[in-house]
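Handing you a structure now.
All chains are identified by letter, namely A, B, C and D, in their written order; residue positions are counted from 1 within each chain.
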Amino acid sequence: MSWNRDTALDIWCRMLSMRRFEEAAIALHAGGHLTGHYHVYIGQEATGAAVIAALQPGDLLFSTHRNHGHYIARGGDPARGLAELLGRATGVNSGMAGTLHLCDPAIGMPHTSAIVGGAPPAAVGAAFEFARRKSPRIAVAFFGDGALEEGLSIEAINLAALWKLPVLFVCENNGVGAIGAQGGGFPGSIIGTERLTAIPESYAVTTMSYDGTHAEGLYRAALSARTQLLAGKGPVFIEAVTRRWAGSQGLWPELVHGPTDVRQAWQPDTVSEDAASDWVRTGDPLMRLGRDLLAAGWATAGELSALDERLRQTYAQGAEAALGAPWPDPSRATSHVFAEAER
Amino acid sequence: MAPSAQVLGISAGSTAIPDTVTRDEAVSLYACMVLVRAFEEKVRRLHAAGRVPGLPHLCTGQEAVAAGVCAALQKTDWIASTHRGHGHCLAKGADPAQMMAEILGRATGYAGGRGGSMHIFDAENANLGTNGIVGGGVPLAVGAALASTRLHPGRIAACFFGDGAMNQGVVLECFNMAALWQLPVLLVCEHNGYGEYTASDDVTAGRLQDRGEAFGLPTRDIDGMDVMNVWAEARQAAERARAGGGPTLLICRAWRYSGHHASDRQDYKDDEETRQWLARDPLLQQRHLLQRDHGVDARELDDVLAQAEARIEAATRSALTAPEPDPALNSLRVHA
Amino acid sequence: MRQISYRQAVLEALTEEMERDERVVLIGEDVGAAGGVFGQTRGLYERFGAKRVIDTPISESAIVGLTVGAAMAGLRPVVEIMFGDFITLGMDQLVNQAAKIHWMSNGQFRVPLVLRTSVGTGSSTGPQHSQALHAWCAHVPGLKVVFPSAAADAKALLKAAVRDDSPVVFFEDRASYAVKGPVPEGELIAPLGRAAVVRRGRDISLIAVGRCVGIALAAAELLRQENVEAEVLDVRTLSPLDVSGLADSVRRTSRALVLDQGSRRGGLAAEIAQTLSEQVFDWLDAPVERLAAADHPVPFAPALEQAVLPGAREVRSHVLRMLGRKETP
Amino acid sequence: MTRRTYAAALVDALAEEMQADPAISVVGSYVLGLGPARFEFERIRKGHADRVFDPPSAEAGLVMLGVGAALAGGRPFISLGTAAFSYVAFSAIVNEAANVHFQSGGLSRCPLVLHMLHGVRGGGAPQHSHSPQAQYWNAPGLEIVLPSTPRDAKGLLRTALRSPNPTLLLDHAKLLGVEGEVPDEPGFAIPFGQGEVKRPGRDVTLVGTSWTVGVALEAAEVLAREGIEAEVFDPRTLVPFDEAGLFASVERTGRVVVIDECVLNCSVASEISARIAQHRFGALKGPIVRIGRPAAPAPYSPPLEGAIIPSVAQVVDAARALVRQP
């Protein structure tokens, strides 16, 4: 596994699929089909896709309330994911989980907690079991910068560092830029220090900070981290710094420029001029990787457009199927409270 | 963990000691430590004789931290203590008789027998109480400091916690908030090397000193067996807090001569290490300093010792003869 | 009489009490500049400033612990925990510190704090954001537990809670924030520890908590068409419980059905039902019955979520069965 | 059969299961508390040194470690020591462990055993004397086990270590040294949801759990001398709960006293009484009587502490009053 044409193209497809999923979610919400508040991953696709592409099938992934991207990047079925957002019976979790708890053990994503600081300690537990059983697997925890304000996640970092556990902490630091703090939005992380990475470093944890929109950098970092973890050299903490997507207004995101047009990667002048255009041109990780693929001669505009077209079909059908899917029968509400012992 | 200051990487002979230490100030620090030692020794013997219910936790060996920090505080400054808090309470001015009565579960105790050793409250000396939960007292003191910034400017708070508590999430959350809001609080970690029976180094990743700085918290790593050193560092931190300069994390390296609780044989410690720490007994160090630097003769020091023991004897006699509490009062004061 | 929303009533109570007493401060996540994630503290930051409306990091155990210390030192803090589910992170500070300090210190220290939080189903927020956990707090001696069902009480009981010298856990039904109700102008305060008869009746006492009061009133209207007159009581303070108030009603009607927004097993309904059985056993023609939230985590899907709480029709047919009446279609 | 202490029986079950199942690991330094019974645990450390871990005092992190390990194919036995400390991990228990299976739509499992020592142990004072099982009973998704004898401890722990669900095992601190007959046959297990009549009788049913089963048995002896035959029923697990066994006993005697060491408000006794009243109202000759801890924290001083624990005298008076009722 190394950075080459196939890997870069595979990551671009995962990122585009993550973007289309969120666009479908926003459209379903606008149509009144998705009630309750939800969190989209737009702008952070490179971090999720690159790190997940570096994993092996046996590795386990733990996410948070902002989990749609991780589910899709790890190979979750888009139609069943959308059906779950709409609370339908054919949803991947039969309507029990919804947007906050999307998960599927079949793709190594067994449990998604919506409690801030819930992902790191769960991942540490999985890594504890892998190390104990000497199995060549690692656990990854994705979480936002806010999670480091919770004592629970710091207890997890101490445990992992203490017993040199094979866990990769990925802190997606989308600390609220100017837009959030002034516009009456929600303040980002409130931590006494400016440098977030000082916290894991104080536990003698290998800590690195990366540009969260640069897929290649993150992919290489994740590969080397996995090797170090399997060699028993203790946990690794990666901070992926991203800029908040222009359309993210706390709990009610909006497609400020409508669905993403992949062609803007090679036709930047088609981007309309307004407050969000700077982000589309320089902040959007999808555009950046698209440009890199073309520059390296690893793909032509036509090939990217063809891939995009196929994904549009997938998501059009997916949304269609989700809207048409049956509601779960209320009597199912009391099922799965306890698991049956294997006979 | 070898005891000498250099090996510990502590600033030996800290520059913080002011030169104008008066004789009386140095003697009163000694008197406070001697009182605490006598009190704990009496509790140990009473427990061995089966007179003390439950499992009291003794602070023998850590007297310098209690005496040094409380000497830097005013009567109205808040403190929050731990399950090993007899020394903190006495150093802050609590009455030994009411404390002993509480430890013996008698009606005249600070909590009328309801709390016992781990729940001694002394509002008159702004003591937010000893506490049964590891790290439980830290947010209480941080909260009191927050209240003081609004209601009684100039009043500060101090909380004590063990190195074991440095792994509790709530303590680290408090580091963050104290630094974030520049609260007037002294965060005093009594680093005695052990969380209950487990050596702290076995359960603590990285260096404790770095955990404060990670949250932007000024941190001092000092010799907790030298009461003059503790007192000087605590005074500096208290002055800065009172002037609005924000919190300080004081890590005091110390050693508890007693077990985790009164009937713990401490078989988890190795003898050589214990012997070395015994040689650095805070009471002996201060006694030596008083004779060498302040010309105090042995007779006067023995008087201080005798007074302390007499005071503890009297307190114990009154506690042993105090009445048992009346169970009918159990449900009183559940609500204010 | 003017009509204002449950949320507006909470906001008025906080504003009046902060105007009245310098020591009252509001502490919580996003309560300041953001005005509360549900808009329930909008304007307080601009009016009282950052020193009295304090935004905190996401650290529930330290936030609750910190407010206990501040209360012991003389403040009268109102701490807001965004979702009732998150009080579980502050449980140790609530149960082992706040609830016990006055008792343990033999009265030397008081802890006059209010912990406000939003609870309940109805917003598709799934299992970790929809629970109603008041039974856990009602179980703890030393905590007063209050649950207003409509706007007037949201204001009157919150003002009383802020002035009470004991720690009070104040549950607000999230689905009711937008619901308007009659609230008289001027000073409005109601004593803690008292239930209220919200509808007179003779055939059965419907004893309801939180959002179930509205459900009970709707059921009573349906039952009137079967000429059954149901009395509806709003429990208001869940601990200490107004046992005499509830018992008086059941002595008159000799039948009782308890409706609770919390889950059924080990819940408050069991406590009320058994306490009534002990107090008025001889007056009872039938056992006190319970209808509460189903004993499973709250599902996300709206179709499943709406089945968690009993509806008015379900209450109606349950009462008819208790009275031995046939269901008229 | 051999005579074993409660603590020894627990360790026997744990040792046998660890031998059979490599997935089991133990995390927690004070599984048997700080009293004399703790040395019983040394066998596990010696026999399975690489599978016993001494964690920092970070209860919330510890329970989450257990959840993660269970999701990764392990069967962790996590000990929190004193039950009062479980409040620090309350969110991890009720928001994470309890919900894993349900919120994944039945796809994921969390086979985890959470162990804690509950009840008034003597001198514990307000923050070390909790019995939190009533509050956990109100959180769907947790199996709850309360053994009262060495035999039950061994049989129920084995079932817990084989259960696919998160199981709370609450042992009473004062039972660790109690002795009793324990079967030796390999694989001896007691299924959940199966209560036991610890003493047959006809005039009144005494329902107890964990330590209060002993109180009920002592009361039954005193009552027998007055010609009153009391039946003692022990549900052994709260979730799943043996309603059939309980109701059968109620039908036999028609009178019920429920003895519980939780604080009476919303307690285990409240739930048990409400169920009996609801489903067997007709069988009752009088109101059900609840005996539990009063609404106050647990005091430290022995005479105060003694006054709040359910006593044999209280049970005898209540039972006698019910039977003598005209």
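Throughout what follows, a residue touches a chain if its C-beta (ideal position, glycine included) is under 8 Å from a C-beta of that chain, and two chains touch if they have at least 3 such contacts.
Since we're looking at a predicted model, the values are computed, not measured.
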item: Partner chains shared by chain A and chain C (touch criterion as defined above); value: B, D
item: Chain hops separating chain D from chain B, counting only touching neighbours; value: 1
item: A-B or B-C, whichever has more C-beta pairs in contact; value: B-C
item: Separation of mean Cα positions, chain B and chain A [Å, integer]; value: 47
item: Computed distance of Cα centres, chain D from chain A, in Å; value: 42
item: Intercentroid distance (Cα basis), chain D paired with chain C, Å; value: 31
item: Chain A residues counted as touching two or more neighbouring chains; value: 91, 95-97, 101, 113, 115, 149-152, 155, 158, 162, 190-191, 337
item: Multi-partner residues of chain C (each touching 2 or more other chains); value: 56-57, 59, 61-62, 85-86, 89, 92, 96, 103-104, 126-128, 141-142, 295-297
item: Junction residues of chain B, two or more chains touched; value: 111, 114-115, 119, 131-133, 136, 167-170, 173, 176-177, 180, 202-204, 334
item: Overall pattern in which the protein chains touch one another (line/ring/star/complete/other); value: complete
item: Chain C-touching residues of chain B, taken from the complex the two chains share; value: 78, 80, 110-112, 114-115, 119, 121-124, 128-129, 131-133, 136, 138-152, 157, 169-170, 173-174, 176-177, 180, 333-336
item: Residues on chain A engaged by chain B in the complex (per definition of touch); value: 149-152, 154-155, 157-158, 160-162, 190-193, 198-199, 201-205
item: For the chain A and chain D complex, residues of the former touching the latter; value: 60, 62, 91-97, 101, 103-106, 110-111, 113, 115, 118, 121-130, 132-133, 137, 139, 151-152, 155-156, 158-159, 162-163, 335-342
item: Residues of chain A that touch chain C when the two form their complex; value: 35-37, 87-88, 91, 95-101, 113-117, 146-147, 149-152, 181, 184-187, 189-191, 251, 327-328, 330, 332-334, 337
item: Of chain D, residues touching chain A in the complex; value: 22-23, 25, 50-51, 53, 55-56, 58, 60-61, 64-74, 76, 91-92, 95-96, 100-110, 140-141, 143, 162-165
